[in-house]
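Should a chain be cited, it is by its letter among A, B, C and D, assigned in written order, with residues numbered from 1 in that chain.
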């Protein structure tokens, strides 16, 4: 039996080998390093009376807590714009995708939105990891991402608009505020990932130039919940203030430990940059009352635009919901995109890039203006204090919007920190 | 010197948290030889029990004390059901049990997410546990002292139950030699169910207590589970004494590593220590039965 | 014919202070079927565990002049000491031929392991004949009858060229015919090997033993031929004085073997 | 034995099976799928390569390795380091610092990065480092007879510790991981023709890996491995050192995971600790369990099915997918431990039983 089949199986093997070889040979004609490659042809359909855009947020996984709120805000903005007649007389059709809290999924879904759903632009992303994962996808396919969260700076892609704060709109104002209130020594506590590490590098440079002593710098792994050792050390250091760049559940454990050892906002205030309205509930107001946070927007910002925004949001999603900085930035990003499209009279990426500079929007946080050079947005910085109702109230704000400076080129003391691309 | 005392105290405190989380796990492993990956979710259930109790009662102090026994019942009941529905049917397939209970854990997490929201909820710390106590120059939060005390009470209670009650004797008989116990007329089925109830109930208690220091969210259990497993592995599965020693040792190790390097490296350091430790005291040898290899 | 293949001197095994085996001397000789009997807890299986490297002991076990104490299990097995277990332990998801082939190959080079088996080694084929499983070469061991599994396990020791065989209750659960066949098999394989059998079944022992060692409370109570042992006063006291203890130790699954030594079953004898 | 399974066990059957798979992978799939979907499929194939290794270690060897993410991650990071070095070298000349390091404030190249400028060194490292690590760990663990649930827990803790360690390494991109690759051994990654080439490479590797697994299963070693799984002590009492047998399977599984990780990086364009920690590692197991842990193709089919379901179902029902995952773990492992691959055999046994009863009835 076996012998009879032998020639046939050899033939089959040979044919399979040939097939593989042929396939590989056909593939070898691809571009090599240094070749000019044409970006993939855009498939965006602008002929109908609707225009597709994508919303890419984590609807499942650990980041879903935060990112679903951003998704809600994007939907709110789209609905409002559609109700007001749409963009260039086209209704916006929003395609939702789930980033599942995993960078690889973000990259995969971004590519799907661009190449299969043919969206004109995408709104979303939260973690730096997700943005870094999506960045090459948007650059390779020459499409646009609107990224709504404060981040560590040091980035400026042609294909991304950053509508959250960069470091000089959040961290530096926070340090200025602390310095103004007479803080002479600080302790740094952060989650172990890129944002806290970058932020702390900036803080160290700032402190060196402004005569502030950094008494300690500690990191816990993301999601870490044991703060006994760190809080012991913070307590023993006797610092004037703590600068907190912890993320997520770690904040809950940190502030509980902090108040449990008897530390208070009067004795040693904590300045946080990742705690917004939604997180306060989980930490427990009693553990965090009086502590400080640095953002560009709070639900309590007093302006007509904001009260309209908050009312609209509560009407759409429930009276018990709160609005926060990333939500507001995401909401703004849709409007900024729409305004840019109207100005450019085109949905094409190149036209939007060319016309973005100076596009502004009267947003809940005040006027925001796109900087055409670095694709960031001029924003007002605010320091807020957490009060007993769980909301944050502005205790200090910058005089008007601060121009974005993602590479901190305008700060002498930061010269050693940064590299320009 | 102060530094050392501080580290030891922190180690004790971290150790008692690990111990609370691992005690039930150690008991159920010793009894049935199965690893319950849903144990973390039983802890989470305890956390949410504390939350719901506090929502209903209001006063943080009273609700904490009430939540402890309720948490025990909630965790215990969940364990009882899990044992009856799944684990009993997979008795000779310990690795499969591990994976099946992981699936149960996934579902429980999602149930919590769908019923309480993905955002962490707040369980207030009662007034009498706020603030810290100075011990030898180190400030220990009262909440941690409470957890230490609770861990001691739990270990003592479990030891007493095992040693002096008829049910406890039956459990010990089954742990010692399942077949022999069966021939002696002990219903191993009932004993299994009882052990699982107690072990899972301890997870519920741990959950209630851990709301004092940590967050209450659907993924809360996960943050304790791996460390709890390591305690059980290092302590020798099913040995309460081993679990106590291992928990305290790992807690102290963690504190010392953390003070001298970073918290992230501390985790890696602890892992390496455990692998080295297993070189000296591998547990595989003790599980071998000589008469039959089946 | 009387050459000694395995010598045990003053074996002591203790668990937490309890001496399970307390100073046993034993010699296993080529050509003999040597029965180890004794009441439950006498230390029979523990003695086998000690010899095969599973239980720690003091004293000495030598084979071909090599001291085996402290050696690892695989090393002792490769020295030609094979054992079976009370519940026949074979690889249930592999066929009879595969079971035997594995047992035959403990010394194979890694390279030959990584290749496919072209044909079964001669000794595997011969052994399958010998243990009466030639017709079952392709059968999964898991679906063999109880007795067949036990024969297969013995066969696995044979193909592995073990010349000292330690069999732990080889006829447990067997019917009369199977016992008879097993008895013949034991004498057959003992021709050029030393065979030790841990057994409770007295009829089987009477029918097949060339030599008997009686263990009691971890020590040797008596040793010699069947007749010598059965007339030994101490043995009679242990067995008759506690006549319930001896047979009841055999697992219930064994059916009901005859209760005492005197009621010999004619068909087996 | 049915005619079909007999056919596929014959030499001719095996060859035609491989030829059929090759035609499907190299001929049909590229025609059927868009460039984006093909890329996605290539990603799934990477998971399938990991699954083949798990099938060997767990399905055949009984070692439930909950930490394959470690080896997947090693392969991926080693490859990512090379791609980053090559990119930086292309932009700024030899010895240049990769872009993400510049952003993290790292001015000079860490010494351990330097050798990865060499493609040969990188490929050797991808093949050797994880395997060697697995051998060392395997010897440490298996020689001391740590097994069963103990081993599973240890391997899981290893995955956890490894992910934490990586997050702390800014010179490896920390939490963000490493992304943004331009060239793959000189070829532009962002080029449709080259992307197809990448897919072909992954598919060819999968076929080769399945062939390797087949050879191991059919060899005497494969039988021995099953013997160790079913009764390790019996094997030891036959004179084998069972630890060595297990170490080989564990190391092969690690090697396959590493290769898969190395291919994953150019295909997906990012590797970060999120892809290799405890949860991703245990998710590798799910596909293998569903497909059939002990069968040859079960793990491949299961891994592809789970990845596909994850992508399509989670789009529509994010929370339902989590329930589905949990239920799959419970239902498949409790009720169908042989996975999808065991369904034909079960059906046959059922039929056979019915026939036998029918025969008995007529007799």
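Just so we're on the same page, a contact is a pair of C-beta atoms (placed from the backbone, for glycine too) under 8 Å apart; a residue touches a chain by one contact, two chains touch by 3 or more.
For clarity, every value in this text was computed on a predicted model and none was experimentally measured.
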item	value
Chains contacting each of chain B and chain C, listed by label	D
Taking each chain's C-alpha mean as its centre, the one farthest from chain C	A
Which of A-D and B-D has more C-beta contact pairs	A-D
Approximate Å spacing (C-alpha centroids) for the pair chain A, chain D	32
Chain centre separation in whole Å, for chain B relative to chain A (CA means)	37
Chain C and chain D, separation of their C-alpha mean positions in angstrom	44
Residues of chain B touching at least two other chains	113, 262, 264, 267, 288, 293-294
Residue list for chain D, restricted to those that touch at least two other chains	164, 167-168, 231, 233-234, 319, 322
Interface hub residues of chain A, defined as touching at least two other chains	64, 192, 219, 221
For the chain B and chain D complex, residues of the former touching the latter	29, 33-35, 86, 89-90, 93-96, 98-100, 102-107, 109-110, 113-114, 226, 229-230, 232-233, 237, 262, 264-265, 267-268, 271, 274-275, 278-279, 282-285, 287-288, 293-294
Touching residues on chain C, where the partner in the complex is chain D	52, 72-75, 77-78, 82-83, 85, 89-94, 98-99, 101-103, 105-108, 112-117, 156, 160
Touching residues (chain side chain D, partner chain A) in the complex	10-12, 15-16, 18-19, 22-23, 26-27, 30, 34-37, 39-40, 43, 86, 90, 99-100, 102-105, 164, 167-168, 170, 173-177, 179-183, 186-188, 190-194, 196-197, 200-201, 204, 268-270, 272, 274-275, 311, 314-315, 318-319, 321-322
Residue ranges of chain D touching chain C (in the complex, touch as defined)	215-216, 218-221, 223-224, 226-227, 230-231, 233-242
Contact set on chain D toward chain B in their complex	62, 64, 137, 140-141, 144-150, 152-154, 156-158, 160-161, 164-165, 167-168, 231, 233-234, 278, 282, 285, 289, 319, 322-323, 325-330, 333-334, 337
